[in-house]
Structure formats: C-alpha cells, structure tokens
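By written order: A, B, C and D. Residues from 1 in each chain.
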Amino acid sequence: MILTALWLLPAIGGFACLAGRGRASRWLALAFSVVVFGYSVWLAGPYETGQGPWGLSEAGSAWIFGISYNLALDGLALSLVWLTAFLTVVCVIASWRSEFSRGYWSSFLFLEAALMGVFLSRDLFVFYVFWEAVLIPMFFIIGIWGSDGRRHAAMKFFLFTFFGSLFLLVGLLALVSWNHATRGVWTWDMGALAAPGGLAGLLVFAGIFVGFGVKIPLFPLHTWLPDAHTEAPAAGSVMLAGVMLKMGVFGFVRVLLPMFPELTWKLLPWIAGLACVNIIYGSLCAMWQSDLKRLIAYSSVAHLGFCVLGIFSGTPAGVAGGCLQLLNHGLTTGALFMMVGFLYERSHRRGLADFGDLVGRAPWLTFFFGWAVMASVGLPGLNGFVGEFMSLAGMAEALPVMACIGAVGIVLSVAYSLPAYQAVFWAASAEGSASAKVSDLDLREKALLWVLCLAMLYIGLAPGALLGLLEPTVATLVPPGCMP
Amino acid sequence: MGLPLSAILLFAAPVAALLAAFFLVRPFKPGWTHWPILASCAVVTAASVDLAAKVYAGSVFDVPVCAWMAAGNWMVSFGVRLDGIGVAVLTMVCVVGSLIHVYAAGYMRSDPCFSRFFLSFHLFFLMMIGMLVSNNYVQFYLFWEGVGLSSYLLIGFWTHKPAARSAALQAFITNRVGDLGFLIAILMLLGFYGDTRFGLLFDAMGSQPAPLLPLIGLMLFVAAATKSAQFPLYFWLPDAMEGPTPVSALMHAATMVTAGIFLLARSWPLIAAVPQLPTLIAAVGGGTAIFAGLLACCQTDLKRILAYSTVSHLGLMALALGLGRVGVAVLHLLMHGFFKAVLFLCAGNIAHGIGKSTAHVAEVGGLRRSMPMTMACFVAAALSLAGIWPTAGFFSKDAVIEAGLEAGPVWAAMALTAAALGAFYIVRMLLLAFYGPGSGQKPGHAHEAPPQMGAPVLFLALGALSAGWLAPGIGRLLACGRMPSEEALALPHFSWTVFALGTAAAALGAVAAYVLTVGRPDFEWTWRREYPRAASLIETDLGWRKVVAAAAFVVRRLSDLVGDLLDHRCWDGLIESLPRATLPLGGAVSLTSGRLSDHLWWIVSGAALMLLAALI
Amino acid sequence: MIGPIPAAEFAVSFPAASLWPQLTLAAGLLACLAAGMARDISAAAVRVVGVCALIVAVWMLMFTASVPGAGGGPGLGPVRLDSLGRAWQVLFYVGALPLAAMLDEDDEVPMALVLGSCLGMGLLAAAGDLLMLFIGLECMSLPAYLLVARLRSQGAPPYEAAVKYFFAGAVASSLFLLGLAFHYAASGSFGFAAAPGPVGQAGLALMGAAALFKIAAVPFHWWLPDVYESSSPALAGFMSTSIKAAAVFFLMRLAAMAPDSGLSRCLPWAGAATALYGALLALRQQGLQRLLAYSSLSHAGILVVAVGAWAAQGCDGASAAPIFFYGLVYLFMSNGAFLFLEVSGAGKRPDLDGYAKLCPVPAALFAALLLSLAGIPPTGGFLAKLFVFWEAVKAGLFFPVAGAALAALLGLGYYLALIRNMYFDEPKWSKAEPHTGAAMVTLWACAVAAATLGVVPWLFSRFLERLLS
Amino acid sequence: MNATVLQVGVLLFTLGLGMVVLRGQLLAMLLGIELMVGAVNVILTYHANLFGDPKALAAVVLIICVAAAEAVLGLCLILKLHHGGIPAETESLAELRD
C-alpha cells in the first residue's frame, strides 16, 4: 500500500483543490505537494532495506487478460519520483503570486499523480493507462492558462502524443498476444514478458520505439515540443520539460532495453545516429529561434539526445550517465523555464529582442540565468557536464565515431545559448523593449533559484550519491562484461 | 604520503575568499570586496612558494583526493599532482597574479561594478591554480573550461560596450572549439585505458599504445593551439583586449594563454609518442611567431601590439616545445610571464593617465617627462622582451634560439626573425609612446600612476630584470617531476655564438625601428595611405579574419536553413496540414443529400451489395 | 448486493415465469394509458409510473436466474431466454431510464410510447424464432417513429425526420420480411437454424441488411443524422443507446444463425467503413446534435466490428463479453452526452464557447464524457475500445481494426475540439440558466459511470460474470 | 413449381420497391410498402401449403396485422403533414442535410 499512496495522495489532493475556493485551493495544493515530497523522501528509508533488483515492490490484485496492478520502485524510478515531487513543489511556489483558479492547482496535482503512476508501474497495462492519463492535465494546463497561441498548441500536443501512443498500444498488444501464443499465459508484467525474434520482434520494437520516441522527443517526432513549451504557462513548461520528457527515456530503460537486449545491440548504430541527429538538429534549430522559450525547448531536444546516446551505449558509464542526465536536465531546464516565466510574468513578453541590459535592472536574475545557462551548456563543475560526459564516455567505448559527433553538441550548445543570454541580459535595450518593466527577483523567487542552483553545483561536483542510487538499475541493464 | 597543508590551502583560501566576498562583504561594503581576496592571494602565494621549496627538496606529490564520477567498473576521481613543471608555473602565476590583483585594486577603484570584477578575477585565479595542480585529464578539463568561463566574464565585463560583448562571445566559442578537441582526446583515452591519471596513463601507454594515439595527440594540440592562440584559432586573443587592462595583463599575457603550452608540456610523453606531431607543433609555433610578429609591427593600438606580441612569444614557446626542449619552453613561459605583465601594466598606466581604457598610438607621445617611473619600467621590460643580455628575457630567448640552432638552420632562422621582429615593435612602441611628438596633444596632460598601481609594476619590472639569474635553479626545479624525460627538461648552457646572434638580431630590429619612427617621423602616419592594399591586408590579419567571418556566416545560414526552412516550414507545415486535410475529405465522402428518394436508393444498393456478398 | 433469490421460491412455475420483465413493462404501459383516462394527470405521476416500470423490470432481470430449459423448450413456444438475452435486456431498460426521467410532456402518450418501445425490445430479446424477432423489431420501431414526430428539438422542421425514419424503417422491415420468406422457403421453419442453399443465404443476407439498417451501418446510415438532429436530445440519447443496443442484439442473433456466412464475413468491413465515415463527417459538423449523431455512427461501426469478430470466433458466449461491455459503457457515454445538450441547451459549437466559466460542473461532466467517448485511457471508453480491438486482433481482422483505430484518432479531432471550445475560449454570452435536479442527477450518474468503468473495472467484472454466466 | 412462385413474389416485391423509390408522393410510397408486404405474404402462403405447416399461415396473419399498423402510422404522419400545410412530397421534406 505504501507505493499506491504515492500516486493516490496527489490524486486526492487534486480533488480536494477542486473543492476549495481560489485562495484555499492554492494553500491545499502547497500542502499536498509538500506532503508528497516529504513522503517520497521518507521512502528512501524502506527503499534501502529492500533486497533484490527492486528496492520496494507491491503486488496488487490480478484482473482479466493477465493484467495485474503491480508497482515497484528501483533506483531510477525513485530518483524520478523525487524529481517529480520536487518540481511540483517548485511549480506551486513559483506560480504563487499570480491569481490562478482552483482548476490550475488541481491539474498540477493530477499531473503529479499520473507521473508517479508511470514511474512506479510494473505492469505494462497500468503503465499505459498512467502514460495516457498524463496527457489530460497537461492539455488543460497548456490550453487554459497558456499564452495567446495556447488553443492550437494544446490540441497539437494532445493529438501528436496520442498518435504516438497508439503505436505504443499496438506494440504492447502484439507483444502480449505473441507471448500468449508461444507460452500460453496471459501476462502484462514487464519482467515476465519475452521479446519475439525476427521480423515480428523488429516490428514490435519499432512500434514501442515510436511510442516512446514521440515523448522524448526524437528527431522526426518533435514538432509538438516547441509549440507546447512556448504556449504553456511558466510552471507548465517546468513540468513539461522537467519531467514529462523523461517518460520516454524512462520507457526505454524500463521496457525496451530489458526485453530486446540483442536487438538494441544490433540497432545501436542507427539509434546512436538518431541521437546525434537529435543533438545537432536541435542545436541548429535553437540557433534560429527568436523566442526565448522556443530556444529552451529546442535545447531540450539536444540535451535529451545525450540521454538517448548514453542509455543505448550499453556500457555502465553510458547508462548511468544517461539516467543521471535525465535528472540534470530536469533541474537545469526547469530553472531556465521558471526564470523565463518570471520575465513573462513581469513583462508579458519573451522575445530575445524584447529585453536589454537587464544586468543593471535585475542583477540577481542575470546571475541565476547565467548560472543555469552555464549548467545547460555543460560547464564542468555543474550538473550538465557530468551527465553529458558520462554518456559520451559510455558511447566512446561502444562507437567512438558517434561519441565524437555527439561531442560537437557542446560547441553548438554554446553557439545558441550565449548569444541569447547576451541579447536578453547584456545587450543595450532597444527603444520598444519591455526591460523597463522587469524588476529584480523577490525573496521567494531567489530562495527557489538558490535551491536549484546549489542542487546543480552539488550534483556537478559530487554525483556519487545519485550514481549510487542508479547502480542497481545500471547493473540490471548492463550485467558486467555483457557488452560483446 | 598525505597532502601537504599548503596544497589544501591552495584551494581552501580562494574558495573561502570568494564565499566571504560574495555573501559577507559585497552586500554591505562593495568597495571592500578586494580585501578578503587580496588576503587569499597572499596565502596562496606563500603556499606556492612553500610547495616549490618542498618539490625543490625532491618530494613529488601525486595524491588522489576523492572519487568524482563512478559507474560499474568505470571511475573518474579528483587528485592533486605537484611536480617540477606544475609548481614552477604555479609560483609564477601566484606571484604575477597577486601583484596584478594589487594593481587591479587601484585601477578598478572608480568602476561601479568593482565587486563583480574582483569576484570574477579571483574565480579565474582559483581555476588557474586548480588546473596547474590537477593529476588527471578530466579534472584538468574541468579547470580548463573554468578558466574559459572566467575569461568570458572578464572580457565582457563592461557589458555596455558592444565590442566587448562580441569579443567575449567570440573568445568563449573559439575556446569551446578547442575544448571539443580536448574532450574527444579525453573520451578516447578513457575509452581505451579506462583511466586518465597522468602517472598511470603514461606508464600504461608505454606498454601498449592506443590505436587512435595520433588522433588523441592531434586533438590535444588543437586544444592547446586554441587556448594558447596558435595560428588557426588565435584571432580571439587580439579582440580580447576589450577587457580591462588587469585582465589583459594577467590572463591574456601572463597566465591563461600559457595553459595550452602547459597542457602540451604535461602530456609530453603522449605527444612525443606520435611520430610527426612534434615537428608539426614546431612548424605551427614558428609560423605563428613570425606571422604575429609582423602584424604586431603595424598595429596602432598599444594593447593590440602587446596582444600580437604575446601570440608571437607563444609561437616561440611552441617552437621550442616542438623541437623537444620542454624545459626551454617552460622557462620562456615563466620569463615571458614577468616582462609581458609589466608591458601591459605600463600600457594600462598610460591609458589610465590619459583617462581612457586603451590608448591609440596617435594619442600618446612625449610621455617621458610626465611619466618617468612608468617609462623606466617599460624600458626594462622592453629590453627583456628584446632579449638584451642582463634581462630575464635574454636567458629564455637565447635558450629558444640555441634550441633552434641545434635542430637545424630553418628553425634557427625562424627564431632569429621572431627575435628581430620582437625588438622592432617594442622599440617602435617605446619611441612612439615616450619620445614621439604626439599628434596635437599637450605633453603635460598625462599624470603618473598612483602608488598603488605603480608599486606592483616596479616589482614586476625588477623581476623581469633579475629573474634570469634564477634560470639554473629553475632548471633543477623542473627536473624534479618524473614526467618528461631528463634530457627534454635540460636547459642549454651559455654559449657565445648564440649570444652574438641573439643580440645582433635584437640590435637590427631596434635600429630599423629607430629609423622608421625618429628618422622619418611622418612615415608612421603616411604609409597606410601610400600602400592602401597592404594596409587593408594588415587590417584583416592577412585575410584570415575574412575566412573566420565566412565560417561564422556559413554556420548561421545553416541554422537558418535547418531551423526556419526545414523544421518550421517543411516538416512542421506538413504535420500541421494533415489534420486540416481531413476536413474537405469529410465533405467528399458525405452521402446524405437530404432528399428521401436518394436515401432510399442507398437502401436498395446496400441490400443488393449484401445479397452479392452472401451469394458469391 | 444481496444474492439472487432462488428461482424456485420466487418465480411461479408456470412457463411464462421468464417473461416477468416484459410483463412488468406491459403493466406499466397499461397503467400509463389508464392514468391518461383521468383528466388532470400531472407529468410527474406519469414519470413515476414509467421509471418504476423500468426499474422493476431491471430488478427482476437481475434477480431471476435464467429458467432451466430456456433454449426454446417445449410449451415455451417462440420464447427463448438465454443469458445473452437477459444481459442485453438490462442495457435496453437502463438506456431508457434517462429519457423516462426527463419526460415532462403534459399528456401520457410519449411515456406510453417509450414503454411500448422497451416492451418491443424485451420481446426481441426473448425471441425464440425469427417471427418473434420480427414482431419485437416492429414493436420497438413503430413507437420510435411516433416519438420522433412528437418530441422535437427547437427549430427542427416538423415531421420531416419522422417521415424519413418511417419510410426507411418500413422498407427495411419489408426487406426483412422478404428475407424471412426466403428463409422459410428454403428451410421450412422460422427457427434460428441456418437455411441451406442459395435461397437461404439470400434470405439471411436480406435479414442482415435490415439489421444493418437498424444499426445505421454505412450504406443504410443516412436517416440517423436527420432523426437525431431533429429529435429532442433525451430522445436522441434513448435512440442512440437502447435502440442501437437492440439492433446490435438483433444482428448478433442473425450472425449466430450462420457464423461463417457471407453476412458475418462482411460485418467487420461494414463496421470499419461506418466508423471511418462517422468520424470523417463528425469533424465537419457545426451542429452539436448532428455531431453527436455522427459520433454515435462511429461507435456503431466499432460495435459492428465487434460482432464481426465474435462471429469469426464461432459465436461462443465468452467472447460476447467485450460487445456487452462496449454497449454498457457506450450507454452511459451517449446518454450523458445528449443529456448535457438537454441541460445546457447548446445548439451550435460556438454556443459552447467559454461554457466552463459559466457553469463549471456540467462542463466538467461533459468533458469527462467526451474523453470517455474519445477513448482516453483512464476512462471506461478506452477499456471498451481496447477489449473490442483485442477480440478483433485475436480473430485476425487486422485491417478493420486499423480502420477503427484511425477512426478513434479522428474522433479525438472533434471530441477535443468541443473541450477546447468549452475551456479555452471566452464566453460570448453571460446567461447561465438553472439546471433541473433530475437532469443533473442523471448527468452525474452517466459521467461518473463512464469515467470510473475504466478505473475500477474489477468492480464490474463480478457483475459481468454473473450476468453472462 | 416453388421457383416460379419465388420469382413472382420477387417481381411483385421489386414493383413495390420501385413505387416507393421512384414516386415522389408519400401516399404512393405507402401503397408501395403495402405491395411489398403483400408479395411476401404470397410467398409465405404458397410455402405454407407446400410444407403443410399452419404456423406459416399464422405468420401471414401476423404480418398483415403489423403491416396494417404501419399503414395507420404512415397515414397519420401524412395527415399531420397535410394539417401543417406541408405538401406530402419528398422534395418538400429536404431541409435537414449536412
């Protein structure tokens, strides 16, 4: 029951917020998110004492067609649960000032409930139900509280992601029915399913790969991301970039890699190539953008390219690096989006040309934004570097050429983020610019950003704690000496 | 054996100073930010001298501190390595750095963002120290990029100046290109050997060389060439002069730019193992020396002359290193640190005197009466740069020429022409600044620099003069570390032929400069109009800046092509048009026309269809 | 839930024991007409009679175990009560409840017609042979034609839809009769046994055509949009749930006669075509009732695919569960959606703009229903679609499933568009009329049932097994 | 012999169907429907005698009764149209469309 509480609590909170009035539901949301965060941190205790690959597991009741409500928690899932809970608290505090209706607060709690469900589920059917359930709250968050282009962005986001998950559903159905045909037992449990070989295996792999690829987003399936990120409210973008992009990669680690070990090894050049394209394509697109949020959205495409590069490298360093980069990207891009949200909150504009010499007006904002940009560019000593370096080191052991192409990403990332940083914060403000309206951060915002920036520095210099947590996941994926 | 206390202090002091300055002093008394930082400089200098003494006494330290990244059997750790080369350069950096810190306290006093400057300045100091004492490539890379970051912050310190902003951006991106090479080298090393600690790596490489060793060596050279401004990627250094003068003096003359040479010196066993690489380094070094020397002769801005001179001297160090004489290169690195810092600080005083951040040759002239002390230091440093006998520069430059002579006539010719060009542009600068009539500017206007700025310059000038006598001691210090082999670190003995050749070259340069500035005073201002093509060629660094601008344009066009055309219009447009396409499709498919009889026809056809399906 | 009352103790042992639900409905009908005799009868009284009749019928169904010898036993004549019939009867009567609860006409005729139609469906379910099937079908359809004429939505042209519906229905039933005649000519009996020879096949095909007409499969679908658009939303809800479920049951009876006949082979294709056609047309509609009409067309297509898959697997009892579950979930979804139109009084899509800001609760309920109609996972709609596709994939019907899946994706286009209008736009008008108690209660019931069927299916699985056992 | 009866029945049926589909007036269409039902009754009565099975005859009576109900309902609708002033033509009933 302790794992079910992890997603049930926010769900109850969501309904509670719906009941309260505007102001009351804001306090309810804060209370629930803090309680959930506390609970997830407390979970580390029982998690340590658990044995076997799964720190904590909870077997629920079985239902028809072999579907059974099983939940489990391993290192990667626990770290992503922490990230989700932490970012939800950050989002609630960040959007504290603006007058949002109770629906806003309940949507975030429902979103958190669905995300917890995705990270916890051991059963593919339960995983798929939570996977889709994430779309609904985010659809309303983007649609109702987004900026002017929100209607189109929300529809595009929902349709595009739903289209992707249709592929995932067909893949899962085929996988389960093939397992029934060959082994005569109905089961949807991730551990118990084996992958078909030959062409059927390839088709199932492709279906599931596309389903997860849309969420990451991998290169051809990424066009929903810039619109969704640009139009979402600040806290919405933080959750979208901070956690929802991780569901795809989490799906790879939890579903694809354990079930198709030899196929992932055979397709490694193609997938690594796709990841490198993701990095370079995302960076080039980011260079062209004139809107700050779209730029950060495309930078997420590039950063997650590193995650995929790491995870598919099949070496302990690469997989650990990829998983760690998931968390790093959550913190870094979450901070960036939050600060752009603060800018938008003050001036209702987010174009690069709309601001200028904020160094004088908002020195603290400049300091924190610079810190977050340096982390996202992968400056060693901050968290971005650790994830990218380990991913590239992992891929260097598998395919050195791909590692070199991927490494070009670090130059391109500077080429698109620093000019933008300078245009907004250092350059002289044009006459029609909104920088006059930008006031410096208040205590609440500074506290939030200090927590995030110190977390970046801590992970950058001492990632040992987190890497230790990810150790069992990496060990299951890459048993020592397994890489041929 | 454990880590000596002073090694711990090397890191603890600057970090403590930075935290104290940022959290305690800056909010209450921004004006006093420099006091904790100067204290930390003193502590660090004392620690470095103490470490030098320990290493000189023969104890080399290579101590792992703690694990950084670990996954499965793969691990990267933090560690400290103190050996001959490291400590020597560390001491020079600490001494020169501390003095420049004092100078900067005076120079930047009136600047509104005084505290931000000093925090970034000391951050650089911490990063430089960290790099010099790190014991594996990944940690080296961490501080290498930290130095790049602080140079970005300091070049772009005056954010209101557009030129400073673009120079900072250009510097950071170019350095990032070099870092790409460095990262690829590290990835290959890690991929093959699994560990990048210098000690273990070079022993392991001795037994079974990695297949991609030439690539690794080349990538290391690319990294060093970018950071130490060698030919292909040097253009960021002259533009970096937009930063305040203490920044130019410390980073872009004495310490930061030498990081590349230090990297090559540190990884000499790897470089030497690659067959053609040292000769390539020597060739590029020599070429850069001559190319930059030539350009320095024609510059009109005081600091840009010194910038090109730094590029030229870095070329000399690379030449010496390429010819196998690592000791000579490091010696020249140390000496160059002193006299180049003095020259920059004097240029700073001159500019400060006439109330501008940097001085154009036309604006200065005849300052010998109004700024006697600065002139004295300038003359001392100029002699040292030209390599005249008693000065420090003489010993290291002669060593380079002697290394050139040993290697072959071509290398010797390169070294000598570089020496001559060096003498030419430094004497020209001396005459124009202190003796020339100065175009229409009253000599009495410029005033001598205040004592807080004067004193450091004086000490450095003394160092530039007397450091030469320490050469034998430095030679023994360098030999203490086990890393590069003995003969690579040996310093040449004094030989009259080299003395004669060097002094002749310097004299030739000085006379030519005298003739062109004092003999024909108007030549300076007229030759550009007489030879416009040559002038424009010089302006664009013999056309190399056009090539770089073209490359930047290509990348921007590529991002436009991919970002706008490919992604936004074609791919996104296609996906957006799909849902819109389904709307008319519905209209085409609709069967209902509204009239009852048409509908009944559908029933008949449907029934007929069913019959057909049943009967066939 | 209390256990079933042992049949022996409750059901009087005369053969008609199994027809109690139908008898209750007949009694309700007569009570309604009798009440009409009295001059000043209130609409509430009529409503109470109607709702009670339906509820008692459902209660009887749930708690009288299927009488032994139900398979067309001696003396029972044309009556046959198998578990399939009893299960689907629950759907018919529960589908009629919202309409019965919402009727507030001043006279008793509409309620009598509704009960008459339900009685027809009851007979259809209990039919032992084709003749009884025909009678049930007609007894269901004739009141429906009149209801369409009587309960009209505002601004609908009078009688046009009723005339169209009548003539189409009449032609279809005459087609059925011709099929019956051929069947009799070939086999000599009206039983459900398949008739040999081409004449028998032709007979079955014609009867199948009549069934497909009643479900509104593609070639025979044209009447549905006009009828649903011009009838009142509650009536449209009744027709889209109960009458469609009866038609599906009718088709299942026919398909069970000859599982591998031409009819069953073309069912999946007709179903997929209907689903796609309904989805494509619904994208273009501006009128909300016409949009929901085409969306019910799309769902009917999926039901036909389900029946096709059931027939392809030899019509065994177990694999009938997905069809029933889909019917059950669709019942709540469709009734709820039409009820919302009744409650909100919205006609065109722009009327929904910013509705969430005016009346958040109905808007939220409608949004939940729309998500369930679209088949988004946490709701029941997804589970229903998943089981149907599952059966079809097992039966090897890959292309029809692909067509139906594409229709589901297109469905998102218009379902989400409605949610978008409600939530993301600014309200154009400020009036928000009060909501009657009965309508809101039923709307709540439908929305909660549709949403939770997906999340707590095991709660219902016991109910399903008991019914289908 | 029963083939010819089937053919006659089908002929009559198609005649009725033609009347319903081709004619514009609703009354004529109503007659068409009655004709179609009549054709079915012909076939059924013949085969009832052929198999000597009285149930079919009972079915015929039932079918006639149902057809009568349909006719009543159709006439009622047509009368309502007439009272409403709408001509009982299929052309006039064409307002509802996509």
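Just so we're on the same page, a residue touches a chain if its C-beta (ideal position, glycine included) is under 8 Å from a C-beta of that chain, and two chains touch if they have at least 3 such contacts.
The structure presented is a predicted model; accordingly, all values stated were derived computationally and were not measured.
Comparing the chain pairs B-D and A-C, the larger number of C-beta pairs in contact belongs to A-C. Every chain gets a centre from its CA atoms, and the centre nearest the mean of all protein CA atoms is that of A. Distance between chain centres (mean CA atoms), subunit B to subunit D: 99 Å.
Centroid to centroid, with C-alpha atoms defining each point, subunit A and subunit D lie 67 Å apart.
Chain geometry summary: the mean Cα position of subunit A and that of subunit C are 44 Å apart. With centres set at the average Cα position, the gap from subunit B to subunit C is 79 Å. Residue positions 159 of subunit A are each in touch with at least two other chains.
Contact with two or more other chains is made by residues 163-164, 167, 171, 225-226, 281, 284, 413 of subunit C.
Multi-chain contact residues of subunit B (touching two or more other chains) are listed as 579, 587, 590, 592, 594, 596, 600. Looking at which chains touch one another, you get A-B, A-C, B-C, B-D, C-D. On the subunit B side of its complex with subunit C, the touching residues are 579, 582-583, 585-587, 589-592, 594, 596, 598-600, 602-603, 605-607, 609-611, 613-616. Listed in rising order, the residues of subunit B touching subunit D in the complex are 587, 590, 592-597, 600-601, 604.
Listing the residues of subunit C that touch subunit B in their complex gives 163-164, 167-168, 171-172, 175, 198, 201-202, 204-206, 208-209, 212-213, 217-223, 225-226, 261-263, 265-266, 277, 280-284, 410, 413.
Put simply, subunit C touches subunit D in their complex at residues 131, 134-135, 138, 142, 145-146, 149, 156-164, 166-167, 170-171, 173-174, 177-178, 180-182, 184-185, 188-190, 199, 225-226, 229-230, 281, 284-285, 290. Those residues of subunit A whose C-beta lies close enough to touch subunit C in the complex are 61, 63-65, 103, 128-129, 131-133, 135-136, 139-140, 143-144, 150-151, 154-155, 158-159, 162-163, 166, 169-170, 173-174, 177.
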